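Consider the two complexes below, in which chain A is the common component and chain B and chain C are the respective partners.
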Partner chain A sequence: MNNLEKYNEIFANVFGAQPDQLGANYCKENVSEWDSVHQLNIISEMEDAFDLMLDPEDIVACTSYEAGKDILRRNGVEI
Partner chain B sequence: MARWEIKNVRFAGVSACVPKQIVKTADYDIFTQEEADTFDKTVGICERRIAPDDICASDLCQAAAERLLEELGWEKDTVDALIFESVTGDYRTPPTACLLQDRMGLSADCFCLDIPMGCCGCMYALVVGGNLLTTGNVHRALLLVGDTALRMGSMKDKSRVPLFGDAGTAIALEFDTEAEPIVIDFHTDGAGYTALHTPHGGFRHPFTAESLVYEDFGHGIVRAPMHTMIDGMSVFAFAISKPPRSVSQFMTDYQLDKDTDIDYFLIHQANKLIVDRVVKKLKLPLEKVPYNLEEFGNLGGASIPSLMVTRIRERLQGGEPTRLLCSSFGLGLSWGTMLLNLKNVTIPELVEI
Partner chain C sequence: MLIDLDKIPAERIAALDSSGNKVSYGDICTLSAAVKQSVGERSLCFMLVENTAGALAWVMASLASETLVPLILNVKTEAGLLQSLMDTYKPAYLCVPETFALEQTCDSNEVKAEFGYRLIRTANPLCALYPELSHLLPTSGSTGSPKLVRHKYANIEAAALNISTFFELKASDRPLLVLPLYYTMGLSVVFSHLKVGATVLITGLNMTDRLFWSFIKTERATSFTGVPYSFHILNLMRFMRMDLPDMELLTQGGGKMPTDLNLKFAEFCQQHGKRWIATYGQSECTARMAWLPPKWAIEKVGSIGIAVPNAELSLQDSDGNEILTPHTEGEMCYRGKNVTMGYARQQSDLALGDERGGFIRTGDLAYRDEDGCYYIVGRMGRFLKLFGMRVGLDECEQIVQTETGAECACVGTDEKMIVYITEAQKQEQVKQVLVEKTHIVATSFEVRIIPEIPKNETGKKLFKQLPNK
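What follows is the complex of A and B.
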C-alpha cells in the first residue's frame, strides 16, 4: 500500500469515504460529520499510519483532505 | 529549564472529598438521551459529582484535609504551611488559604498561599510546597487542591457543561531527610491562553453589563463573556502533542523504562479521547494507567490526587515502594510531568459531603 492509499484509508475508516469522493472539496465545511472528535480521529490515524507526532498547529489545521496531505508533506511524508 | 528534584520531603498522605450528588449526562436538560449516550461513549464521562451552590471548593478541600489530619494524627498547630490551589476560590480577595487557616483552626504562625493554576494544580502545589519544606525551615505543609469548575461556565454550553466534576483534595507533606526525591518538570505556552479562557471579570475586561449578554456560537454553545470557554480543538491539539513529548523526554532523561521502572502512570483525566491518545502515543501498558473520569469527570488539579484515592489507594498505603509517573496539562497553557516514589501513604476513604 503506498502513502496515498494509506492516507485514503484513514478517510474510509473515519468517515466511510470512498476514494472517488476525496479531493479538494472534501473538507470540514462540506462534510457534516467533520467535528472535533472526527478531526482528532483523523489525526490519530495519521500519526499511527505514518509514525508521526504532529504539532498542535498541524492538528488544528487539519480541516480538509488537502490540508492533511500538506501536513504530511511538511512532516517528511512523500504523498 | 523548570525542573526540580525536591529532596527531604515525604509525601505523607492524600485524601479526597466529593459532593454526594451524582449527575449523569442525561440529567442535563441541554442533552437528549441520544446525545448523552453518544457523549458518554465517546468522551467517556458518564457521571460526575456536583456540589450545591452553597458548597465551595474550599469546603470540599477542608473536609478532605480534616479527615487526613485526623488519620495522620497531626495536631493542627504543627501545620506550618497551607497552600490552596484552585481557580474557584471563595472570593476574589482575600486569598482563600487565609480563610481556611481560620476555619480549620490552624496556627496564626501558618504560612498561607493561594495558587490558581487549573488542571496542573496538584503539581504546582507540590513544587511550591515541596520547595518550602526542602530546607527544613518548615516541617509540615498541607496542599489543598480542588475546584467547582462547572459553575464557572454557561449551563447552556454543551461543549463544557458535561466535562467537569467537583472535588476537593488534600496532600500532606513532611520534612524527612530519608524521603525519596519528588521530581517535577514544567512547561508553559502562554501564546495558547485563549484555548481555556474566561474573557470578562478580570481587570483586562472588568465585569460590565456586556459580560452578561449571551451569544449563540452554534453547535450547542451558548454563553456570555463572563463564562469560561473552551476551544475544544485547540485544547485537543495541545493535550495530545506537548504533554506526551515531555513525558517521553522525561523518561529518557531519567532512563526510566515504562515496563519495569514505573508502577502507575497517572494522566490528568481531561476526557477519554485525550487520555487514550496520550496512552497510545506513549505506548503505555494499559494495566498501569488507572482512569476515574467515567465516574468523576475532569476534576482539574484534583484529578491526579483523586486517582490515588479512588483507584490505587491500597497499593499506596502499603510498605512496598510505588513509583508513579504523572502527566498534567491545562490552563495557561501549562503542562508538567512528575515522578513520585511513595510508600506507607496515609489515605482515608473517599469523603462525601
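What follows is the complex of A and C.
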C-alpha cells in the first residue's frame, strides 16, 4: 500500500468515506460528522499509520482532507 | 447584593469572551437595576444562552435583581423540547440572543436589549414564585424531561463561598469557562469567581479549534474546569506538551474519571507545580459537594475527598443509621447550605418552598477511609444480584474499560447482565474478562454491540435508553 492509499484508508476508518469522495471539498465545513472527536481520531490514525508524533498545532490544523496531507508533508511523509 | 457584586470595583472586568466582548462588574449591577425596574414583579424567564460574556451578564443580572427568575437553557435546545417546556411552565419572559429567530407575535414585545441579548415579554400571565426561588436548571439537557432543579439565593451564596474557599480563589484569577452556563458546574465557576472579583474567560469554542488555544494563551488563563470528557480531549490534544505557564489550577467534576487518566493529570500537575483538584457534586446541590485536596491527588486517586467547607458528608446503612467505621459501605448523605429546595415538574411547583432543609441523600453508595476521604462505589440501584451475589454495574464497566479498553455500559436484571459495547471485535474478550474477574458463570453476561453508547452532553451515560433485558 502506498502512502496515499494508507492516508485514504484513515478516512475510510474514521468516516467510512470512499476514495472517490475524497478531495479538495472534503473538509470540516462540508462533512457533518467532522467534530472534535473525529478530528482527534484522524490524528491518532495518522500517527499510527505513519509512525509520527504530531503536535497540538497539527491537530488544530487538521480541518480538511488536503490539510491532513500538508501535515504529513511537514512531518517528512511523501504524499 | 447577591454575592456582594456591588462591592467589587465597577470598572473591573467580570467576563471576557473569545469574540472579544467584555462586561464589567458595574455593567452587571447596572443591568440588574434596569431589569428590576422594567420587569417590576417577580417573573419566570426562559433564558436561552450561549457561552458569551453577554449571556453571563444577563444570567448574573437576573439573579442579582431577585426579580427575573431564569430557567437557564441551551440556546440550541431542540425546538420541540423547548415548546414542551414552554407549554409546561408558561414563562412571562424570554431572554434570547439577538440572532435567535422568534415567532412574530413575540417580536413586538421587546422590553430591553443589551449585550447581544433581548428580553421579551410573552403573552403568558405571571405565575406564583416562591420568594427565595433564584433560578431553575434542567435535570437533563437532552432527554426532554420537564423536571427542573429549584435553587434559592442562599444556594448561590453558599456555593460561591464554599468553592472560592477551597480552591483559594483570588481577584487576579482568570478561569477558563468551557462548561456551559446552563450546567450547574459551569454556573458554579461563575459564582465562585465573581465572589472574589476575578475575570471569567468564557468560550463556546471547540477544544480542537485553533482560536480556542489562542484565546487561552493570549488571555493567560489561570485555571481550567472540566468534566472527564474535557480531560480526555485535553490529553488527546497533547495538553501536557503545551507551554501554559499561567495555567496554575486544573479542576475536574461531573462524574468519575478513568483512574489512569486521573493519575496522568495528577502526576503532570505535581511535576509542573500546578494544582490538580478532583471534585464531586450534583446539580441538586449547586455543584460542588466534595473535593480531594491536591496533597492526596496521587495517593488517593479515585477518591472524591472530603466535604467542601461549611458542609458535612455522612454515610447511612439500609436502616438509616449512621455508619461510623471506615471501609464500610453505605448511602452517602450531605448537609450544607448549597442543597437546593427540590424539583419542579409543573408550573405550580414554582411556588413550593424548601423541601430538603439543607439535607440530601445522594443516591451514591460510598465508604470512607481512615483519613475521612470518601470513595464512591456506585449508584444505589446500579447493582444486580446474580446467583445471589451482589454485582456492581459501575464496577463491571470499570473492569471492562481497564482490561480491554472497550467503552461499555452495563445494565440488566437479576437474571442477566447486559453489557453494551461499540467494538464488535472485543465481544468475546469482554465476556471472558467479566467471567474471570467476577467468578460468575458466562451465561449471566450478554455482550451486545451498538454503534454508540448514549450519553448526555456532559458525558454521563444514559442507561435508561438501553434495554435491560
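Quick note on the criterion: the second predicted complex is superposed on the first by the 79 of 79 C-alpha atoms of A that agree within 3 Å, B and C clash if a C-alpha of one lies under 4 Å from a C-alpha of the other, contacts with A are read in each partner's own complex, and residues count from 1 in each chain.
Assume a contact is a pair of C-beta atoms (placed from the backbone, for glycine too) under 8 Å apart; a residue touches a chain by one contact, two chains touch by 3 or more.
Just so it is clear, the structure is predicted and the values come from calculations on it, not from any experiment.
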A:36 touches, of chain B and chain C: first, second, both or neither? both
Chain B versus chain C as contact partner of A:5, first or second or both or neither: neither
Contacts of A:47 with chain B and chain C, given as first, second, both or neither: first
Touching partner for A:59 - first (chain B), second (chain C), both, neither: both
Common ground on chain A, meaning residues reached by chain C in one complex and by chain B in the other: 35-37, 39-40, 43-44, 54-56, 59-60
Residues of chain A defined as touching chain C within the complex: 35-37, 39-40, 43-44, 54-56, 59-61
Touching residues (chain side chain A, partner chain B) in the complex: 35-37, 39-40, 43-44, 47-48, 53-57, 59-60
Chain C - residues contacting chain A, complex: 206-210, 212-213, 233, 236-239, 241-242
Chain A-facing residues of chain B, complex: 42, 192, 219, 232-234, 236-238, 240-242, 244-245, 273, 277, 280-281
